[in-house]
Amino acid sequence: MIAIINPNASVSMTEQLARECNALSGLHHQLTFHRCAEAPASIEGYSDGVSAAYWVAHKVRQLESGPTPPSAYVIACFDDTGLDGARELTRAPVLGIGEMAMHTATLLCQKFCVMTTLERSVPILTRNLHHYGLASRCAGIFASKVPVLALEQDPDSYQRVLDAARQSLELNNGEALVLGCAGMGQWVRRMEADLSIPVLDGVRIAVTFADAMVGLGLKTSKVLSYQFPEVKAAEPTPTRG
Amino acid sequence: MIAIINPNASVSMTEQLARECNALSGLHHQLTFHRCAEAPASIEGYSDGVSAAYWVAHKVRQLESGPTPPSAYVIACFDDTGLDGARELTRAPVLGIGEMAMHTATLLCQKFCVMTTLERSVPILTRNLHHYGLASRCAGIFASKVPVLALEQDPDSYQRVLDAARQSLELNNGEALVLGCAGMGQWVRRMEADLSIPVLDGVRIAVTFADAMVGLGLKTSKVLSYQFPEVKAAEPTPTRG
Amino acid sequence: MIAIINPNASVSMTEQLARECNALSGLHHQLTFHRCAEAPASIEGYSDGVSAAYWVAHKVRQLESGPTPPSAYVIACFDDTGLDGARELTRAPVLGIGEMAMHTATLLCQKFCVMTTLERSVPILTRNLHHYGLASRCAGIFASKVPVLALEQDPDSYQRVLDAARQSLELNNGEALVLGCAGMGQWVRRMEADLSIPVLDGVRIAVTFADAMVGLGLKTSKVLSYQFPEVKAAEPTPTRG
Amino acid sequence: MIAIINPNASVSMTEQLARECNALSGLHHQLTFHRCAEAPASIEGYSDGVSAAYWVAHKVRQLESGPTPPSAYVIACFDDTGLDGARELTRAPVLGIGEMAMHTATLLCQKFCVMTTLERSVPILTRNLHHYGLASRCAGIFASKVPVLALEQDPDSYQRVLDAARQSLELNNGEALVLGCAGMGQWVRRMEADLSIPVLDGVRIAVTFADAMVGLGLKTSKVLSYQFPEVKAAEPTPTRG
Amino acid sequence: MIAIINPNASVSMTEQLARECNALSGLHHQLTFHRCAEAPASIEGYSDGVSAAYWVAHKVRQLESGPTPPSAYVIACFDDTGLDGARELTRAPVLGIGEMAMHTATLLCQKFCVMTTLERSVPILTRNLHHYGLASRCAGIFASKVPVLALEQDPDSYQRVLDAARQSLELNNGEALVLGCAGMGQWVRRMEADLSIPVLDGVRIAVTFADAMVGLGLKTSKVLSYQFPEVKAAEPTPTRG
Amino acid sequence: MIAIINPNASVSMTEQLARECNALSGLHHQLTFHRCAEAPASIEGYSDGVSAAYWVAHKVRQLESGPTPPSAYVIACFDDTGLDGARELTRAPVLGIGEMAMHTATLLCQKFCVMTTLERSVPILTRNLHHYGLASRCAGIFASKVPVLALEQDPDSYQRVLDAARQSLELNNGEALVLGCAGMGQWVRRMEADLSIPVLDGVRIAVTFADAMVGLGLKTSKVLSYQFPEVKAAEPTPTRG
C-alpha cells in the first residue's frame, strides 16, 4: 500500500488528489489518501510549512505504528513539506512531488520552468531546487499570483496561470513546464495541449515512481542522515520551566 | 526585551544558556529565556528539528501576542531550528546562533571548522551553510560523536571534543573553530586557550548582535519571503477527512 | 516496446542485460535489446565514448525508421553515452542508466558514492554529475581499478569491488552506493546484503522508470535543445576536399 | 578605542563619517577617524583601490605602533579596500562596511539588492560578494551612475539614487536595500521611509558590531591566512636594478 | 606542422578557414587544413555533434598514423566538437576554438558575451562554458538566429549578427564579444570597428597559441583522463548479435 | 616591446626571470625587465601583495607615460599581484603568470595541481582560482613550505618541492603540475623529467602568449571594468586631516 499524504487540511484538495491518482492505470499497489487535519488549509510560506511538516511527521508515525505500514509514501505538496523528517521515520521510500517533477523534467529537456502560486513560495522552492542540485537546469521559478485555494474555485485561474506560464517559458527559453502546486494537477493535459511542450505534474509522477520503487526493492538508507531518531537520555527532574 | 528561545525541552540547557547570557556585560536590553516544553529534549536529526520548529513558531506567536512583544529573538540551537518560520511571524529581528557564529567566523579568518555532536547533524548543518552562502569559507563540519546531552553530564566530553577539534583543524587548515552546539558554549574560553585560535560560541554572539541590531533599528523585511502569513480562504464544509 | 541499447559491442554484456531486465516483473511494455556491433567492446575513456555515441545515434535512427518505433529508450552504459544526441532523434523518452541511478540515489539518502571501473572514467562521470546537477549530493566517484570486461570473467572481481566500495563509503560518509558500470548490475542484491545500505543498479531503475514514463505519457521536449536535427542547406559543388 | 579608517583622502567624507558614527548611542568604546591623505579622493575602480589599500595598510601599521593601538578597526569604504592586508597586521578585529552590510542583510531577508555608484564598481563588489559567499542571497548589484563625490554635492542625487533603487528592487524581487557607498549613509532613514523595506548602511552596522566584538573578546585569527607578515631573508648586494 | 580540422564537411568553410589562417603572420609551423567529409555540412545541435566528433577522432587517428604526425591540432568548430576524444589519441596539444576564444576573453575583460548562430547551440555551449569553468565570467551566450551556412551566403547576415551582438552587450554589460561560430571569423575586424570593444575569433587565437605551445614544448598529459585508449580484452566468440 | 614586471624588489629574481625569458626563441618583440624596488623582497601574504600591487601600478604608469609604452605587460608573480589595477591603466594586454599557467593547464589535462611556497599563499591563490573560474579543474593548491627566497639559496629545495609535488599529485589524481611561484621556473624541465607529466611555468607561457597576443591585435577592453581611471572632482580646501 502506498500512502499519499496531503500536508494541508483541505478536504477538497485531498479528494482531487484521490481522483487524479485513482485514474492512473497499471499501478501494482493500492493507494490510500491522508490529509493533515490540524495543518493549515494550504501551504503558503515558511510558517505554514513548519506547521504542516509537524503534522506530516505525526501522520507518518501513525501509519508506521499501524497494522500495515505503507510500502511507500508520497508527500503531495510541491514544497516537499517535511520530506526529510518523514524519511527519518521509516524504511519505506518517501517521495516529494516537487522533487519528482523537477528531477523528471531534467530527463525530458535541458531547461524547465516552474509555475507556482505566490511570490512568497519562490524562495522556498529555490532552496529546495538548490538542495536537489537542479538549479542549473531550471530556467526559473515563477509565481502566477493566483493563491492555492483559488485554483479550484476561480474560473479564470486556468487562463491566468497559462498566460503566466507562456510568458515565463518564452522569456527564459524554457523547454518544459513543471506545475508548482498539487492543486494545478487537474490541468496537466489541457496545459500540455495549449503549450505544446511537456507539462509535468508531480503527483502522478511521484505516485507512479513510488509504485515502481517498491517493485525494485529500493528503500530509504538508514545510515547517517536518515537513521531512526535518537533515543534521548533522561533529564533529571526539572526545577523550573 | 530580547527573547532567547531554546528550541528543545531541556531545563538544564536553558538554565545554562541563561547563566552564560546573563554574564554578558554591556547589553542594552533585558533578556528572557524560554524553552519549548513539548519539543524533544535535544535536537538531533530531521524529525527532532521538525518538531522543535513547530514549537518555536508556537512560542514566537505566544510572545508576539503578549503584552510586551520582544524587540528581538535569538534561536538558541546551532541548527537554527525554525528560523525562517519565526521571521515570518514578527517584525523584530530573529537571529540563529548557527548563522551568527558562522557569519562572524568569516570576519576573523579565511576558513573555519565547525565541531558538532553527531554525524547525523552534519548534512543538516551543511544545508544551512550552503543556504547562508558560507560553504566556500568552511573547512569542514565535523562530528565529535559526543551526543548533546552527554556534553553536560560526561566528564570526559571536553577532552573528546577538544581532540576531535584539534585533529579537524590540523587536517583541514582551519583557522578558527565554531562550536556547533549550544551545549558547548560553556567551554568557549577554555577551548580558545587550549587551541590558540578564535573559538566562536553562537549564543554569546547572537545575543550581543541582537542587542546591537535593536539599537540600530534593523528589522526583518516584511516584503515577499517574510511577509506575515496569508489569511486562508474558508473551505466549504468537509464531507470526509 | 522499450529499446535497451547497449552502446558497446559486447554480446555477453548484452545478454547479461537481457537476463537482468527480463527478470523484472510488472512491466507493461515489451523489451528489446540491442548492441552496437561496430562500437568498442567496452566504453573506457573519451574516444571509446565518441565512437559509441555515434553508433547509438545510428541505432536510434534505425529503430525510429523501423515499422514500430520504440515507446522509450534506455541507454545501458553508466557514462550515458550519446544520451543527448539520442534525445534529439526521437519524441520518445530516452533514459541513461547513469543519470537514473544517480537521481534515484538522491531520493533515498543525502550523499551517495559511485563505484566505477577505471580512474579514467572518473572525470567523464564527474562532468555528467555536474551537468545533472547532482554533484552536491555525491560523496565521491571512485574507481575499483577492475576493468569492465574483467567484471564478468575474473572470479576475484566481486571482492575487489566490494572492498573498494566499503572503503569509499566509510571514508566519505556515503549513505548509498551507486554501481557505476552496467556490468556490475549482476551483483546488486549480493552487495546490498554485504553493505547494509541501498545499492543502486541503473539498468533495472532506468528500465522500470522508462516503462512508467510511457504510462504517464511523458515525452522528450522538442523545443530548442532537443528539436529534431536541422535540414542542411545544400552547398555548391565542392572544388576540392 | 575603535579606529574608523576612510580609505580615501576626502576630508568632507571623513567628517560626514564622524558625524554619523558619533550619533550612534550605546557604544562602549571611543571612536577615532582617519583618512588616507595620499590616497585618491574617492575609490572608483581597481587602480584607485590598489592605491587606497596601500595607504590603509600604512595607516594600520602606524596605529599599531602608536601608544594605544585600537581595539578594533572599521574600513569605511564599501569596496572593503585593503581589508585582508589590514587583518594581517593586527590581532584586533577589522571589519569592512561592505561585508558587514551584506552579511547583516541576509539576517533580515532572503534576497537583498545593492545600490552602488558607478558601473565600474559592480565587478569589484561582485568579486567581494562571491568571496564572502553571499552571491546566492543577492538579487543584484546595481549602479545609480551618480559618482561618489556628487553624492554630497548634487541636490538631485537623492532622487536619482532612490529611483534606481526602487526599479532594481521591483525588477529583481529585492527584499532589502544595501547602500553600496559610504557616502550614501546620510540617507539611510529617509530611504527606508520612502521604500518601506530595510535599508542597510554598512558604516553604522560595522561600527556597532566592532564595538560588540571587542566586548565579546573576538580577535583576528593569527594562524595561516592572517598570521603576521614574514620577516624576509636578506638578499645579497644587488648588482643591478 | 599544425593540423586544423574542420569537424564538418563544408568545403567552402574549410577554404575560408585556410584563407584566414594563412593570412596570420609570424607563425613558426606550417598549417594543414582538413574537413570531415562524412560529417554533416554544419554542426547545429547534439546529433550533428555526435557525428562530427566521430569523424574528428577518425581524422586524428589517420594523421597520427601518417608519416609526419602533426605537432599540434586545432579543432575549428566553436562547439569544440570531439575535443576530449582527440586529446586521448595524441601527445600533441589539441586546442578548441571555443575554449581558446573564451579563455582569452577573460584576459581582456571581466565579462564577455558570446554570439552564436541558433538557439539550439546555446545549451551545448553553456555546458562547455561550465566545464571550462568560465561561466562566472560570461555575461551570456546569445543566438543571432542566423544559421551557420547562411553566414556565408546571405548578404544581410552581418547586420543581423551585429545588431544582436550590440543588444546583448548593452543589456548584459558585456565588455568583449566572442564570435561563437568559426563561420563568423571573417568579420572580426569589421565588427571590432563597429562595436569599439575587443572581438575574439577563436580560429586565429587557437592557431596562434597552438603554434606558441609547440615552441614551449607543452604537450597533452597522458596520465589518467587523456591516457591512450585501453586495449580491449578479446571476447569469446559471440553466440548471437 | 613587452614589459615583464617583477612585483617584488629582488634583483636576483629579476635577473633569473631575464635569463629564462631571453632563452625563449621565436618571439617577435623585445623584452624589458623591471623590478619594483620599493616593494617587499618577496610576496608572501596579503600585506606584501597590497604593497607590491601599489608599486606595480606605479611602474605601469611610468612605462605608459614613457617614450615607447610597451605593447604588452607580463606580471611575473604567481599571485598575479595588481593585475586588475594594471589593466585599468593601459590599452595593452596585461597577463599574469598565475592565470596563464592555470588556464593553459586546463588545455592539457582535466585536473592540475598547483605547488606553491607557503601555506599562507594558498587562500590568496584559491581566491584567484575562483575568480578565473578554474576551481573545478584544479585538484588542489599545495604548499611545499619552502619560502620564496630559499628556492634560490637552499640546495635541498628542489628535492623538497619535488617530493611535495609528487605526493600531492598522487593523492589528488593530478594530471599536470603548475609551478606556483616565479622562483620555481628554473626547475621546469628537470621536474617534468622527474614527474613524467606536463609541468607548467607561468613565466614562459605568459611571455610567449603576450607576444602572440600583440601579433593578433588583442587589447584590453576599455569598457566598464577596465576603463581608464576616473578624473576626480576637486574637493574644497580641507579644514583638518
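Chains: A, B, C, D, E and F, in written order; residue numbering restarts at 1 for each.
FYI, a contact is a pair of C-beta atoms (placed from the backbone, for glycine too) under 8 Å apart; a residue touches a chain by one contact, two chains touch by 3 or more.
Keep in mind that what you see is a predicted model, and the values were worked out from it rather than measured.
Listed by label, the chains that touch chain A and also chain E are C, D. Ranking every chain by how far its Cα centroid lies from the centroid of chain D, the top place goes to C.
The chain with its CA mean position farthest from that of chain F is A.
A repeat of the B-D interface exists among E-F, A-E or A-B; more than half of the contact pairs are identical by residue number at E-F.
Between chain B and chain C the centroid-to-centroid distance comes to 43 Å (mean Cα coordinates, whole Å). The geometric centre of chain D is 28 Å away from that of chain F, both derived from CA atoms. The set of chain A residues that touch two or more partner chains comprises 110-111, 119, 122-123, 130-131, 136, 173, 224-226. Chain-to-chain contact here is organised irregularly, matching neither a line nor a ring nor a star, and falling short of all pairs touching.
The complete set of chain-chain contacts reads A-B, A-C, A-D, A-E, B-C, B-D, B-F, C-E, C-F, D-E, D-F, E-F. Residues of chain C that touch chain F in their complex: 119, 122-123, 130.
Those residues of chain F that touch chain E in the shared complex are 24-26, 28, 93, 95, 99-100, 103-104, 106-111, 131-137, 173, 175-176, 196-198, 200, 204-205, 208-209, 211-213, 215-216, 218-226.
Residue ranges on chain D touching chain A, taken from their complex, read 110-111, 136, 173.
Taken in their complex, chain C has these residues touching chain E: 10-12, 15, 35, 37, 40-42, 44-51, 53-54, 56-57, 82, 84-85, 87-89, 118-120, 122-123, 127, 130-131, 147, 149-150, 153, 224-227, 229-230, 232-233, 235-236, 238-241.
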